[in-house]
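Look for chain A in each of the two complexes below; its partner is chain B in the first and chain C in the second.
Up next, the complex of A and B:
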């Protein structure tokens, strides 16, 4: 039994069912709320805060991806506060990491008038490309810590628990047990982490090699010696 | 490197194995006690024994400042360089020690005998400058560094009343001296809901900083339907300038334990935890002793017992849900709320979590009754209150007063500002607080008056700065504190604390960039409005208050305000909406280690990234089961 409820989003009265998030309700009604960390296949952690909206009566902005719609709620999806928060988060992202392959975020930056050079002299998170297995490469300079890879590797999907976090705060990075290479971990090369990565930080090895200018022939020669590893584990 | 022998490990961690993942922090502590650090083999063995994934064990070690995955010195000196100690030469002390032993801060001597590190606040602000030498507090270090106190820190208690601090000042109060748990015995003659009502009637609100009504919290947990419930004492006192809980637990542990015992009765909990910050190792044996006494006397052990959990250097674990995660053996990431702890707390069960001082109030309320308790303080802020007074005052220490005394009265009790200097500012509520100025001296110290004055009471920090102090230096340290302590979960705080620190560093160095004030505002308000937890939401509050009070601090050398509005051109890609899919951006600009933000000029289609060839064969299936 789903009960109907009515709330107001950006001045417009909308009716929806109990249990839906503000993000779902907004999207059903053609309102765009941007998201970064949110992914239908992973547990929503509300950590990127790009989906925050202003809810009347709440002291701080609320993440639309997890906050449930309630009767008579008054929601603003583009108030001044919301826009400042979104723009600043985007500007900080641009000052921190390599967004060159994060097309959706670039689009957001355009929409919110976010400047990629807002924070001159800012420390960036940079690291070397980790190319240590036949399946995918890891370029954490492009990682925006959405956590999806860690989640699908753990109990959101694969239960492999090969990766977790290094450091904390700004210095957080995705890492393995004592910085082991991927083949030394419990990784089963399922590729789910690559599939959910929004920024190209995780990339199929083949795609990476093609970008490096190798031809398909050269790549298959490179891989022939490794055929065994590409077989599915039984 | 000598081979690591695993023989001594098992006996040390054996008792934690049945706890599974929840035994992780205690096991890591036990292992580090043996080896001095956490070598890979040891971490792997713990992972195997506790059945925790290797990567997760690594993630936990990496999260906590006091766990080391590389070898450190046999002796470890942590020198506090936070606000109160800095006022008394903390930086000089660190330099002196480093020069003496020929190491850089954060480094270990070549013979592996010593590591010296700068530390965030150690909760020894009343006896600054201070350091933590292994498990001992080194306090009152003289300007020439030759004399100091070592061991358990002294207790300096002052003020106008002695309720909460009745047993403080003369070392640890044993059970014999504390006497029977009379308030608990009285509670047993009442129904649990009557106990909750008494707490509600007392008007007690949380003393950890959030000021949430304690009775409402208890009521929520009492009404929650569950077999297992918990009472947790939050002793992760880490707010810079706060040291009240250290004194309450060291000198009078039974008052807090009795408070927990009463809470357990009121809500129907069978298990309790005291989570104490890792920088208070010298309190742990005191607490263990008190718990043993309470068990012997029959107050604990049968239907309710308490375990101690030590943190490992993470301010964020004072946030209640991060604290739960930590007890559960995880990185101290705060959870999204709701659901709230009263229904979904520790291990997902209904939990009452209260600060030490809050719990210490409970036996007093039950003992004298809510009405008598309310004779202290004001209508809206009843009861006694502890203030941690530090900085440029003659008598730093813990002050117990009824709510309602003025800031001037409190500072007078503390002997006023040191030397011949005048008062410049008071930092209220700690790093997550705000500044008061001399014209606010007559503000009454109550929740309602402080709120009206725009000052947070927080955890009771009153840190005094005289006129000679460089407030830019104070702000710089605030910036460093939060950047060090952000957990990194939500974007506003993870990056905002870093950007805030960078800008405050520039300001302190007199090298501010144009528009830095503007940047600081945007970063500050974004953290305040959009962060996931209380840490991020208050990480800019002192800075924003300073901007309002002293705009001149934020001017560059020429005295020109930098707040000239946003004039920067948005240099990101200008693309027409709904642009057609083109080749994926920057196929060319590979792996380049750009140090400058890069503007992508090519138009991109919105979904470009998603459309790349998918390597995934298996579909990601969302597990229905909620994470515990």
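Up next, the complex of A and C:
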């Protein structure tokens, strides 16, 4: 039997079971906490910090996706401090990456009054579209480093470990070991990563080709007789 | 970002796992596939085939117009026509009338025994039910089979003999409830990728211990507690030696044996010679490891066995499966959640096609055709005069082609299968195909078998039809059309209804001396009516309606409309009453290696391809794995002067093929592996057509071969690039 505990969220007393995160408890009680890097199918890592909440007695804001509810906690999900933090996170994202296909984040920006020009002249994280296999493309200009793809490739689903963080600080990017092309890595092309990508950075090849203006018929002919290169010597 | 016109939820058409797919469609074109994360089968995970391998639907070589051969084909001189120039386009009326005319002509002249049909484990339950009905009700023959014969027939027969039911006893998602589990004869990571994820999760997150028994160092070995690399075809001694240890060390569940089984005493009497040392001598597996495996399995609270074709595709496939069943009987690891005997079924709907009676000995619901009461039930359902259905057991897949000669099988109807890739010893299969007087192919591409046909009927793939598939753990799930059929192609069930009516009218009106009644019924307004007709007799499906399986399907048996389904079988008893121990002996594979042919060839499948290749070789999947490769152990490669990537000729007593070598420790010394998907280097030119005496399954998993260095110019496609870093 799991032990019950009581805490206060936005002034409302709620009862829940031991072991649940603040995000879970809040959602069970109809409180909306936004998330970006969090996904039900992956391990929560509190990377994006958009889910932060204010907990009385804590010096800094707490990420609701990993902090466990405790007895008598007093939590504010929309305090001024929380709203300002979320808005700043969104503004920093918008100033450095391409959010054009992240509909949920665009909606959050509208909701939080975030301005994409808050940090004019910020250096953007730009990179070319990596099109190195017939199944999916990688456009890291759209990547916000939520880590979901790395996790499903690892022990959240696939146990394949083909991709990981590469580089440090601002230069951080998702990459393969030794920057190999996808087919040369341990990748099994399962596309679990594509399935959890929140921003369109990972995309099925056929969707990408449609965007490039190719017709379904042109796409279908494309993979039916491609010329092959000579095998590299081993 | 492309906004879909609509998203269609359906079931994956590849393997038996039965993953839920969401097809994102724009302008009648699937541009993306996702999967719901709350799917009970696959939890949102897919493999490369399920997520990306649907482009064959739009491949320019897909045939969408009925075709008739320009040059009339004769028995003995039949040829293959891959090129459209050898065919002429026809209307559906012309093509179906022609098929009906020819089939009825042969039936009236030579009778039921001249007729045969291959149903299809890729097609829906409804398609398969209709096709077996057409042949049983109209042509009065049980010469009805499909590729289950080539895959798990050994397991099916063994399970029928020992427990009386042939499906998985538990669901695949229960693997995380196992404390110990054995995976044998199954390269699960490549053939049931999503089940392998659950196996890895069981080990990594739930503390389960996995025992892999397989001649290849497959991906799962990285996660295993123990790997028993046995010589192909030595399953019976290895698993019976495990039984020996369980008995010797008194790890036996006596209560279970007393209460639930029979034949234990007779079984014990034959166990004596199967010491682990004897098994080591035959299999090469260290006796100590056999003992460890036996203890792990027997002492576990909950233990299960998952197996694939490495058990069944042998000339003693039935005995191999029985050896596994004995382990469950000895320990009582069956009849509870997290235990069980689990043959992983290969095709998306091989379970369903078998359930639908697409087999020569059974009506739908595994009702024997030689049982009077069963036949009477179907005679009533199909409006057939009493005694009208044939009580004679039909021929199996391999036997059907083997009987293609004057006085034997004269006509063959193939829906979706590709025997010219999937049969053993293809050079002989070819001769048999040439002997057919009339051949119909109902498919989406002209494959190696359809190229022999007189008539090609363009059917629709999974994305253009409605129906149901039954997955490996008996879950009946919906298949839904994502867009209309391309060109003039039609869903299989509609083609079959249309054709059956034409055949029935040609067979003549009601005849008092023959007793044929008006119609067996071919007017269905939708596939669900077909399923309901079947379910009115097949009790396992009695409570299944499209409405009830709309969201996540139902696991049969579902005996009534309120029944929630049955994930775990045999909780109280076995369908045959008591579980039956069988007396086993070691029978070697039919062709053992010798000086002339020193290697054992074992065949199997790859992650990127599917069986005969009709779908995947007409897909971008072929770009990531464009060529066959023979896997050879470094020690063997060195002796034969073979380097990685070199062209190699592989030769058996029956044929030869040339492909590049992959020198790898994934295979063991003395054993080479060839995948069977590639027509230009078809593994089944080499394999042995020796059959298991009971299950009639061929011995795909072991034959003797020799390898020779070959030249680049001997390769069918020397330009192909294989650039994969995966396991």
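Convention: the second predicted complex is superposed on the first by the 224 of 234 C-alpha atoms of A that agree within 3 Å, B and C clash if a C-alpha of one lies under 4 Å from a C-alpha of the other, contacts with A are read in each partner's own complex, and residues count from 1 in each chain.
Definition applied: contacts are C-beta pairs under 8 Å (C-beta built on N, C-alpha and C of every residue); 3 or more make two chains touch, one makes a residue touch a chain.
All values reported here derive from a predicted model rather than from experimental measurement.
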| item | value |
| --- | --- |
| Contacts of A:43 with chain B and chain C, given as first, second, both or neither | first |
| Chain B versus chain C as contact partner of A:52, first or second or both or neither | first |
| Touched partner set for A:220, first chain B, second chain C, both or neither | second |
| Partner chain in contact with A:139 - chain B first, chain C second, else both or neither | first |
| Partner chain(s) touched by A:126 [first = chain B, second = chain C, both, neither] | first |
| Partner chain(s) touched by A:212 [first = chain B, second = chain C, both, neither] | first |
| Between chain B and chain C, more extensive residue contact with chain A | B |
| Touching partner for A:168 - first (chain B), second (chain C), both, neither | first |
| Touching partner for A:204 - first (chain B), second (chain C), both, neither | both |
| Interface residues of chain A shared between complexes with chain B and chain C | 40-41, 100-101, 135-136, 152, 155, 157-158, 185-186, 190-192, 194-195, 200, 204, 207, 211 |
| Chain A-touching residues of chain C, taken from the complex the two chains share | 1-2, 24, 26-35, 37, 43-48, 51-52, 55, 58-61, 193, 197, 200, 204-205, 223, 607-608, 618-620, 622-624, 626, 643-645, 717, 719-727 |
| Sites on chain A touched by chain C in the complex | 40-41, 100-101, 133-136, 152, 155, 157-160, 180-181, 183-192, 194-195, 200, 204-207, 210-211, 216-217, 219-221, 223-224, 226-232, 234 |
| Residues of chain B touching chain A in the complex | 40, 43-44, 47, 53-59, 62-63, 69, 314, 331, 336, 483-492, 494-499, 502, 506, 513, 519, 522-523, 525-526, 528-532, 537, 568-575, 584-587, 589-591, 593-600, 604-610, 612-618, 620-623, 625-627 |
| Residues of chain A that touch chain B when the two form their complex | 36, 40-43, 45-50, 52, 60-61, 63, 66, 81, 84-85, 87-89, 91-96, 98-104, 106-107, 109-110, 113-124, 126, 129, 135-136, 139, 141, 144-145, 152, 154-158, 161-172, 175-178, 185-186, 190-192, 194-196, 198-200, 204, 207, 211-212 |
